[in-house]
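In the two complexes below, subunit A is the common chain; its partner is subunit B in one and subunit C in the other.
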Partner chain A sequence: MGAFSLITDAEARVPRVVVVGLASCFGCQLQITNAEEHLMEILGQIDVRYWQLVTSEDGVEDFDVAIIEGAVTTRESEETCKFLRAHAAHVMAIGACACTGGVTGMASDYLGARTDLVYDGEAPDACGEMIEPRPVSAVIDVDSEVRCCPIDPYDFVAALQRALYGSNRLPEPRTMCADCKRNETECFFEQGVLCLGLVTQAACGARCVNLGRPCNGCAGMSSAANLEAARLSCETYGVPVESFDKALEMFNQVKLTDSETL
Partner chain B sequence: MLYRVMDKRELPALVRAFMESYEVVAPVKRGQGYVFDVIESPDDIEIGYTQTASSPKKYLMPPTETLMKFDARMNLVQDYVHEVTPRVIFGVHTCDINAMNRLDTALIGGKYVDPYYKAHRDATLVVGISCTPNDKCFCHLWGADEAQFGYDLFLHDIGDKYLVSMSNVEATNILEAACEISEATDEDRIAFRQATRTRQSAFNKDIPDVQDVAMLMDVFHSDPFWEELGGRCLSCSACASVCPTCFCFDIRDVLAPDGKTGERQRTWDACTSPNFAAVAGGYNFRPTGRERVRHRMYHKLNGFMVNHDRMLCVGCGRCVAACKTGINPIEVLRFFKRKGADHAK
Partner chain C sequence: MKANISVDHIARIEGHGNVHVVIEGDEVKTVQMEVVEPARLFESMVRGRSFTEVSYISSRICGICSASHTVTDLLAIERVFGVEVTDRTNALRELLVYGSYLQNHGTHLYVLAAPDFLGLKSVFPVEQIAPELFDGALALKQLGNELCTAVGGRSIHPITAVVGGFTHEIVRDEYLAFAERMEAMIPFALQTVDVFNSFEVPAMQTTGDLLAMYAPDKYAVCDSRTLRFVDAGVDFDADQWTDHIEEYAVPHSGALFARERSAQRNYMTSALARINVSWDKLCKQAKVAAAKAGLRPPERNPFLNNVAQAVEIVDALERCAILCRRLAAGEFEGSSAPAPFKVRAGRGTGYTEAPRGVVLHELELDDDGRVVHASIATPTSQNVANLEDDMRQLAEMLVAEGVDEPTIRLRIEELVRAYDPCLSCSVH
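Let's look at the complex of A and B:
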């Protein structure tokens, strides 16, 4: 993120931005539009050269910031990432699929068997040349990430501003429980209910827990996640460890598969 | 200390009198537990609460607070008024009063005063209430089971009445105007003595009372125990969030969506967060749970004592409930007790 600063004086060019969707539901691109109250102000700071959700022009080559939503699931999307990296000064991954592989990433384990099951042995050409789903960062260097499924529109705006104007803020791999303590919500473990906040990157302010639901880990595991200790917590509070391991797969399968191979 | 006696049935009248000129926050029921929250009526108060999950620290040092506003394009500081609400924190236990005293020491007592904290503290009245310890309480080990100062009124439960310690003129005037108060009788004094004895005997005896804790922290600084304890840290900082004396913070500049203006905010941070000790050049001098957990316990049970003659831990027991892997000062005391027992063999 460091040395990138585009608008430092009035002479500077308005930063040119492209938004590209890979394997995803396009929900995170849609979330950007949900900042509608401020959308014009946000768009006023950039020159949107291409936005897959809303523009039809293709083949744009001149841009400064590339925003990528979705997981890399084909050779073609791998090439798209490399192309974007080669042309952009700043690459931002948005949403669980792009950051961790997300729900798409669940297919990273036993891809062949799953494809056979879904397509009865023969995948249509439209699927492209399929590879194990992976986050954007597995293919190219990523400068910034906006986590969660879906992203929070204002988290995106803050990340965009850091890309545009620079920031020395250090990423903090803290996990989530401190947020619940700030929010003064009750811990699910006290009721013997599984919650993935124990190992999940703090990013959303414990939004689901505030709505009465346990964390399902959409922000992805923190780089500081302590799985062994979390399993110990499960045992202490009467939560089956298998249910913890199973629940982790929804947003962390790629990481889990990778660590098995290591 | 001046003290008088009031009938317990007068409590709602006292609360209502405070509500006329202050925002009153008090322990209220939320789910299975309790939290400090703004009350609408004296009936909301759960005066017999055991412990709130988080502490009243949030009213003196909000989790996120704006320090100033700025114009990002002109690089200029804009006018900004720090909002402070005159407030009564009603029904505070001795651990939390002692915790506020420690925050005062750290944030007001030194050479550089924290003006934001001080503004909140100056606008706050504290009404304490005596309590009965639960199984996680160990305030008595650090002398935090009594509040010597740091409150405006303190209500000692003596049965049908409160023995009220009064240490502030304004709060006393409100009390006198709202309630019938009387001189204490010999009966009241005996009831007070019995209440303090009952409280003293109610502490969980499984929590070891160890002498020379601060010194022991130094003596066993390199013991493998810290790897065992810190190795199971989840890096969530729940302990620091519920702690009534953790006061570390981070400062961030946050831009408005239009990118033209912004504000500088401070937000709670903690030495248990993985990047807390990351410095220029990318070096992290407390890279693992072992160093971070040990450091936190050090500040609570050694460092503050060395500088200010009292433990930073007040034994409120909140982290005992908050930490899902059982990292808390009681485990440190148990470790020291085991070390003593090992030696005796």
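Let's look at the complex of A and C:
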């Protein structure tokens, strides 16, 4: 995380914002527009200089905040990130792909074999010069993150507000299990069902669990995650440890691959 | 005329695409729709994954069609396992898919396409020019989001839809409230048909065939397995899709292109294709609106895909209101709780009509329900070849009329947007 500074301190002007999509499903950009009731209030506070999804205004070089969605999967997108970092006072990564590599990051393992499988050889030129998928933070310093797949529109609003006006709130590394305890929801492990809440950063209020589905770890691993203890819990509840490790790949492949090579 | 028209990262479409058109004299030399989307390699990602995770992964192919990818995957898995779901589960899936129609068509028509016809660069100034339209468009989009959230647990990337049923359902009064909101939205949807029908578009006809879902008794979007090529007059089951559809790679596109296999003919799949296949089964108000707009089969002008989507919004609202009332009244047989099933090996194809057209997921599973092979065809990957044909036709037409370069450029961009391409989906 970069040094804390207020965007609005720099000059008395409306903060200029660009929104850029890298390798992703575009869902997090859509989620911004899904804050319908508040969309114009948000847009009223910023000057959107570039947003390919919603406007045909040309690209610009003068901006204060760069919002990046998607994982870095090509040399070209690596350059895009560096360009954005060089021009923006604040870089915000939104969504699992940008924050952890997300589902896109699953391809970071055995990339070559994967392009063979899908394209019967090399990927077409139009795909760019491909590299192992990685989060934005692997390429440039990121000042703030909005986690989850997809992001919650209101989490985004809150993060933008913090970027624009500042906040003394510190990141909370607690895991998702803590939220389930708070919600008093029944634990999946008690039914012998695997759930990734044990190690996943709490960020969503346990949305999936509340709807009857175990956590898939889309917020990424918490910095307080204890993988060994989690594996022990799996054993205690009769959940195969291999299935825990496998499930963890869905949103944390990049981190898992990195820790193997370190 | 000598023109080299290049539009890099064409705006107001989902994903990244460049348009490249070379005109020399009266001749249109080159027409390319470059799909420069990074390859995410989903067909490789789902390999080795359990059936419990597959739909959760493949929904990430596309933010806006996530409901369609989820349901399509579940249908493929259920075909392999031989799972029969209840009528209630089918009704909920239809509601989920229609929720994404409202999201997609609302966003596409107003946020992405409308600024073209109003001479604007984005939708935001519409708030000043036509506040009623702007507020209506946002309310429509919001209704779609809320419907997806109510049924799927989240506005995109559904949580509750699993093999055999749903892990959660809303209560009776919530269905009734939705029914009322759907019905209240119909006048705005009818106005939307009028608005998009009033925009002047070039008179042209696509040269390709049209492909959409067919069912004898309804305007089907997720509960038939039959695909129909309109011109070829061929119906086939989703499991036979590779006998009829050929995918192939080209250097300028990260998306595989597709064509009809036997005639090697390009084709379009879209709301317009569905209208051509199922016009007579539209709900009453939607059919009247279509007739009033002059939209009836055969209609082959790709620009009218915008009007077709507007008609589908009316249809979706009428249909969802009925579905919600019937769900509230408990009229559908069975519960939506996941049906019991046995995991077994096999191969099967799921098929739905995503908002942008035909989406197919072919899966082969092993004895443990893990994916051995996956093949996914999205609407846009099927459409790009045909879009290039239409771009060429349009460019030739405009060159013959002596239209200037900036106008040709704009018209071609408008054509691309009328197709409502989802390039992130197409390179999956």
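Observations
Here, the second predicted complex is superposed on the first by the 250 of 262 C-alpha atoms of A that agree within 3 Å, B and C clash if a C-alpha of one lies under 4 Å from a C-alpha of the other, contacts with A are read in each partner's own complex, and residues count from 1 in each chain.
Basically, contacts are C-beta pairs under 8 Å (C-beta built on N, C-alpha and C of every residue); 3 or more make two chains touch, one makes a residue touch a chain.
As the structure is a computational prediction, the values presented were derived from the model and not from experiment.
Because the two structures share subunit A, they can be overlaid on it, and in that overlay subunit B and subunit C fit beside each other without clashing.
Angle at subunit A (Cα centre) between the Cα centres of subunit B and subunit C in the superposed arrangement: 110°, in steps of 10. Of the two partner chains placed by the overlay, neither subunit B nor subunit C lies in contact with A:14.
When the two complexes are overlaid on their common chain A, residue A:86 makes contact with neither subunit B nor subunit C.
Judged by the touch definition given at the top, the superposed model places A:28 against subunit C, while subunit B stays out of reach.
Of the two partner chains placed by superposition, only subunit C is touched by A:212; subunit B is not.
By the touch criterion defined above, A:150 reaches subunit C but does not reach subunit B. Within the superposed three-chain model, A:113 lies in touch with subunit C and out of touch with subunit B [touch as defined at top]. Once the two structures are superposed, subunit B and subunit C can be ranked by residues of subunit A touched, with C on top. Put simply, subunit B and subunit C get as close as 14 Å, counting only Cα atoms, in the superposed view. Overlap of the subunit B and subunit C interfaces on subunit A: none, as no residue is touched by both. On the subunit C side of its complex with subunit A, the touching residues are 9, 11-12, 14-16, 34-41, 43-45, 47, 49-50, 53, 56-57, 60-64, 66, 107, 111-112, 115, 121-124, 127, 138-139, 141-142, 145, 153-157, 159-160, 162, 167-168, 249-254, 413, 424-425, 427. Residues 21-31, 33-34, 36-37, 39-40, 43, 52-57, 73-74, 77, 102-104, 106-107, 111, 113-115, 117-120, 123-128, 130, 133, 149-150, 207-208, 211-213, 216, 243, 246-247, 250 of subunit A touch subunit C in their complex.
On the subunit B side of its complex with subunit A, the touching residues are 30-33, 35, 53-54, 58, 63, 72, 231-238, 240-242, 252, 254-255, 257-259, 268, 270, 273-275, 278, 289, 322, 324-326. Residues of subunit A that touch subunit B in their complex: 35, 38, 41-42, 44-45, 154, 157-158, 161, 164-165, 169-178, 180-182, 184, 186-187, 189-190, 197-199, 202, 222-226, 228-230, 232-233, 236-237.
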